[in-house]
Amino acid sequence: MLKLGIPKGSLENATIELFKKSGWKISVSSRSYFPMVDDEEIRCTLARAQEMSRFVEMGRLDAGLTGKDWVLENGSDIVVVQDLVYSKTSASPARWVLVVTEDSPIRRLEDLKGKKIFTELVNFTRKYFAKRKINVDVEFSWGATEGKVIEGLADAIVEVTETGSTLRANGLRIVEELMQTNTQLIANHEAYRDPWKKEKIEQISLLLQGALRAEGMVGLKMNVPANDLKSVMEILPSITAPTIANLFQSDWFSVETIISEKIVRELIPQLLKRGAVGIIEYPLNKVI
Amino acid sequence: MLKLGIPKGSLENATIELFKKSGWKISVSSRSYFPMVDDEEIRCTLARAQEMSRFVEMGRLDAGLTGKDWVLENGSDIVVVQDLVYSKTSASPARWVLVVTEDSPIRRLEDLKGKKIFTELVNFTRKYFAKRKINVDVEFSWGATEGKVIEGLADAIVEVTETGSTLRANGLRIVEELMQTNTQLIANHEAYRDPWKKEKIEQISLLLQGALRAEGMVGLKMNVPANDLKSVMEILPSITAPTIANLFQSDWFSVETIISEKIVRELIPQLLKRGAVGIIEYPLNKVI
Amino acid sequence: MLKLGIPKGSLENATIELFKKSGWKISVSSRSYFPMVDDEEIRCTLARAQEMSRFVEMGRLDAGLTGKDWVLENGSDIVVVQDLVYSKTSASPARWVLVVTEDSPIRRLEDLKGKKIFTELVNFTRKYFAKRKINVDVEFSWGATEGKVIEGLADAIVEVTETGSTLRANGLRIVEELMQTNTQLIANHEAYRDPWKKEKIEQISLLLQGALRAEGMVGLKMNVPANDLKSVMEILPSITAPTIANLFQSDWFSVETIISEKIVRELIPQLLKRGAVGIIEYPLNKVI
Amino acid sequence: MLKLGIPKGSLENATIELFKKSGWKISVSSRSYFPMVDDEEIRCTLARAQEMSRFVEMGRLDAGLTGKDWVLENGSDIVVVQDLVYSKTSASPARWVLVVTEDSPIRRLEDLKGKKIFTELVNFTRKYFAKRKINVDVEFSWGATEGKVIEGLADAIVEVTETGSTLRANGLRIVEELMQTNTQLIANHEAYRDPWKKEKIEQISLLLQGALRAEGMVGLKMNVPANDLKSVMEILPSITAPTIANLFQSDWFSVETIISEKIVRELIPQLLKRGAVGIIEYPLNKVI
Amino acid sequence: MLKLGIPKGSLENATIELFKKSGWKISVSSRSYFPMVDDEEIRCTLARAQEMSRFVEMGRLDAGLTGKDWVLENGSDIVVVQDLVYSKTSASPARWVLVVTEDSPIRRLEDLKGKKIFTELVNFTRKYFAKRKINVDVEFSWGATEGKVIEGLADAIVEVTETGSTLRANGLRIVEELMQTNTQLIANHEAYRDPWKKEKIEQISLLLQGALRAEGMVGLKMNVPANDLKSVMEILPSITAPTIANLFQSDWFSVETIISEKIVRELIPQLLKRGAVGIIEYPLNKVI
Amino acid sequence: MLKLGIPKGSLENATIELFKKSGWKISVSSRSYFPMVDDEEIRCTLARAQEMSRFVEMGRLDAGLTGKDWVLENGSDIVVVQDLVYSKTSASPARWVLVVTEDSPIRRLEDLKGKKIFTELVNFTRKYFAKRKINVDVEFSWGATEGKVIEGLADAIVEVTETGSTLRANGLRIVEELMQTNTQLIANHEAYRDPWKKEKIEQISLLLQGALRAEGMVGLKMNVPANDLKSVMEILPSITAPTIANLFQSDWFSVETIISEKIVRELIPQLLKRGAVGIIEYPLNKVI
């Protein structure tokens, strides 16, 4: 049986949703610490993203999903099986940034010499400054980190943000980006040497990727007269070859392809111009 | 860059959902007044439906979505690019109606002569009565309008409703319907003369319509033996020609078509009787 | 017009969702006892699952959805049109079980002789013990039944559960399963003899089943080179014959089939090995 | 130790609040079925008001608080120690009433002959009609009773109400009041014969009454010149003799009394006219 | 009967609480527009603070509570019976202020010439600028006013604030305070000439003031040895003469007085130094 | 000005409530990090209890309220001005306990040799075991500590509890109590040497204690006939001498005293037996 760690808290719902699209139903009960999963070969455990890599490293879990940031913070010696770019809300990557108040005299990293920095990411931050030979005082912050620099209790903070708009709205300024992070599927070294566990982890990895890719892809289907087929095919992206079939007793073709959802809004006006009609777009669960 | 107004409040979620189906991800943060959108050519701004047409008219916004009712109320000189029939809850069109209590002696518009009407739609209501040469006293109401006529503070109100069932439940009676309303995509005259902006607005219009149309449509696919093909085709609605293909090494056909979701429940029992098997229905994102 | 009962409470949302997938939009207003439905031939009424079969039996409703458990409890003389296996949360069937505390001396049904049992299912439980000639005192419980055996107010309870995990978490033990239950579409005998009503009820039954079946099924589409077609077809489940078509000007085939969602996660790795590429999975609304 | 039942649900918070004013802190945890109480001689158990008298009668509880209505419905043979008039919201007594729709032809009890009545109070209602020799069909209703008569599923219902305003708002009419009810402290016969238990129950009864009485009473204190003392004393209610003391080195008196809060708003303007000054009102916890 | 208007919305709970302390229980039901009050001589009606003075002026209400700001905005000709200083949250008076963004070039009122101001208080604002002969464009704002100036849709806004901290937190700057406001008990001129109505309104006014005054006052009681009595009396504020009594069979005195709660925290340390012991403070409901 | 730290989170409301009873109104806005307080000599700052002593030690705050546990954990060199026993819910003192699962073989501290302990109180726990020369591996836990031992991720945890009932409900067992904790008012050494700041801190301390003591105390007043006075006085607790006064023109006495609320429920039945009548109990704000 594979002991798999599911991140608790802010990533929890997004992760469970992703597994659902991938083919596993995980259900979390408020009364149990072990989420149920409809696969007898997997045993799920909820753990905080901050702690996941430690549990995987020490072998209490065979594999788990967590953030690259916390893998680095913990300095865990584990296998990174797959980067999985998804997050709770936006499409922007999460970034750890060094932040001060708008009116702070601190403009560059060097200005922090001798100053007090609060962050949840203490080890990473210390290493970051040590490498640059800047002597700073990094203190661990128990959440609500932003407040500390606003109140003047800290000179700077290192905090995670996606777009930075909340920081700006609170009158804060980003001095430097320290790291971009994303979710990772990680595994314990020993577990990953076990052939059965490795295959199971890779099955999960394959289907999670298939579901993630489907999030950005759609199916597009249209009818095209024979004369316009070439012109239409020219602008259809060719990730995989489109499926083409004759319409019953006519010289029209049915054309069907899988494309990135992002370009649909640009593509459709052009397809219309080139003679395609009856264009429909349909959703996908997985693209492998 | 196109400055686009998104209606805040009751239409907000439905609008964002519609844009998502159309191909744009808009995300609203509780800490920022500017929703993010994944299109560098658009800058979204939240504005109340009541005020949208004023901002579009004065050019602070190039285009926006709002209700026809508020365009008329504001008397704004703007371009109506497209009517978009969707609402927060039901499929019934929203109507502004003149409402009195069940036991009121007011039966016809003429009975309102000299009476006090409260409404959020003051200008429209005044014009409506002026055109009919009925002298009434129309006062602006700060929401909770129903309460005023129930409490006897107003003789009548002009209020918006979809099905009228809430009004009836509160012991109120509709005297007359003054206007039907729906959402509209509107644009500033000057912006709409700019070719780039016009094309951008029309792209949005095209895809919003495609997504709206898809809401009422589904894909239907079935297998039909050669002998029954003609009989099945007779009852298949022909919005666009169905796609027909031979099944591999057999004399069966695969038939696929796009139809209104509303008729599926009537159509399926008939298709079964005429020999179709393996009928499946699948969802659509867009129908252009 | 068909008078149809919709179960109120825990099954309400799941039922309305199922009808939506089946092609009927039912909307419940907090201000009206009659849900609206977009079918002029149906008049919906909300009623508790516990009471539904009584109203159907006495003819105040023509048909309704309720649990098999409450049909048996009420001993109602009605037509069971169709078993519909769905529930509010899980895929496990709901079971009525006899439950005691973990440290209770009661191990078998016989140990209950002379004991006090609390349950909402009084008649069924009494008959169950009477048939086994065990003399017990069955009392009606007003909800919160679990609490009574934990507090020592009851010696045992008969309660409904899906997975039993909540019972275990509360330190309770299942002694015996008395019945499995599921949702049923039931009809009044007289109404079911009326040809028009019967056809309407069967239309509903057909489409509810189609929507339910679709919940566990997905469409799978892939491209396969001619050489690998046989090998791929060998492992594709054959519920209905797959649709196969030539790709335009190539010796590749497009293969499309409907399969159970449960096996997708096992099937995809094998399909890849056998030469399929561009595998996509898409959702279904109905499978008839 | 005294086994005391606390009513769960709608009366729960009001009861716990009353015990707090009486001198006992009861705290209910969502994780335990046994509320904690800061008195080692009492063990609290939560039970539904509907079932309380059955548990007290069979001796699983020594005493409990419940409604007079449910004592009568269950026909329980217990000791009524004390009537306690308090409720969840209003000061009006709760009444069980027979209710029909406004337009129902039913005007008097006799009109119900052969009709279907739904109620949660089945036994009481059956006896009520049997005593009046009116043959009706009384069925048990699983909550949401009002809905049944509105929907036409029942001809009449017997339901509890305080002011009747909700019934009227739903278009219902009261035909007759069947019973007034209030909370009661009840005891098991055997427990009440045990001298220690009896004294404990009476201590609880005494202090609950003291706290209830205080809810309607306030302390009133004022300064009065010697000349006006008689005039002021004439209008001061004399539940208990007021406390009067000389003010230090003056011919003024301090007058203090306990009066019903209801008359304060009428009394104060009069006291001012008769010469009292520096009037203050202060709250009370208990009045014995 | 006196028709009394209770302000709906942000002041609603504070007003009902104040009436409760004054001796009237008002209860608002979500199903009725008429709050119930336990005084047969009063009929309460909920109305928005913005509209109250209009209803009082036109005689649909005899009296009501509302804000001075809305009385001025509406220019209503009514009797101001009493200023009542209370608010939903803080002790700071509410102020209407002219607000711009921090980086706006607008520093003085004069800088607004030709600019666009949005506010809910249109009339008052227009008069304010007209009196100063500054030509501005004042537009009505439908709530969320702050957002407009942040988004750049307005050049300035006139908004209400208590402490200004929210404005600062959103990066806004106050240019000028236009008005301070507070709650007022107002009456219709004609109603106030009716002797019975006038007396009733004044009874309400007297008791509301008594309850408001009590909010800032407490009772203080202490024991003082004969020798220290003079010294203690010197620092006791003398709103009303303190009540002094001999302790039983001793040369100690009991001293009791009513003082402002605000000075208690300063007074107690001094009383201890001057020999007072057993100091207690108790709450008051009313101080007349 | 005194910079005072208020604990954020679980103690926040209880602390603000306590300050209110003590005479200071603190109001927290969701938009500002600085709570307002109605004392110009104090500037409040919200800080987490875990971090408070660090900010006080480094002088960013002059004084603050926090838990003794976190003072010890941080090893902060500060002045403990006053222990203040209050908590968010119960009257039981909070305890940090070493906890294992019920079926764990760990029975004594010694059994933990070489095991993994998770806790939020890392430093304290390490010192505790070091002093007993037991070699354990203590790791920092990010909240949800209980889950780790239940999931088997930790061998034991050190967690805070009041009654232990939640632990038991989750199937956990307490091995040893490591520390009892309570709230403390702490001060910075240098600030405490400043005479003005010291006096201000002590004023706060005095009034917080006065308010806390009042929570468990009530005023009791009764009328007693001269003959029974001695008998009544015998059982009245004598914290401070009761106040006794003659009732006007009678041989009855008014007796008033301050007693612990806990004994009222026992005392009142006895006072009645000894002849006291008209007993009232009233609440207190402060007892100094």
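So that you can tell them apart, the chains are marked A, B, C, D, E and F in the order they are listed, and the count of residues begins at 1 in each.
We adopt the following convention: a contact is a pair of C-beta atoms (placed from the backbone, for glycine too) under 8 Å apart; a residue touches a chain by one contact, two chains touch by 3 or more.
Keep in mind it's a predicted model, so treat the numbers as computed, not measured.
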Most distant chain from subunit D, judged by the mean position of its C-alpha atoms: A
Interface composition of copies subunit D and subunit E: same or different, split at half: different
Chain whose mean Cα position lies farthest from subunit B: F
Selected from C-D, B-E or D-E, interface repeating E-F by over half of its contact pairs: D-E
Computed distance of Cα centres, subunit B from subunit A, in Å: 35
Chain centre separation in whole Å, for subunit E relative to subunit C (CA means): 58
Length of the line joining the C-alpha centres of subunit A and subunit F, rounded to whole Å: 44
Residues of subunit F whose C-beta touches two or more other chains: 34, 245, 282-283
Of all residues in subunit A, those that touch subunit B in their complex: 89-91, 163, 165-166, 169-170, 218, 223, 245-248, 250, 252, 254, 261-262, 264-266, 268-269, 272, 277-283
Of all residues in subunit E, those that touch subunit D in their complex: 22-25, 27, 29, 31-32, 36, 38-39, 203, 206-207, 210, 214, 217, 219, 239-245, 253, 258, 282-288
Subunit B residues within the subunit E interface of the complex: 8, 33-34, 45-48, 50-51, 54-55, 60, 139, 141-144, 147, 150-153
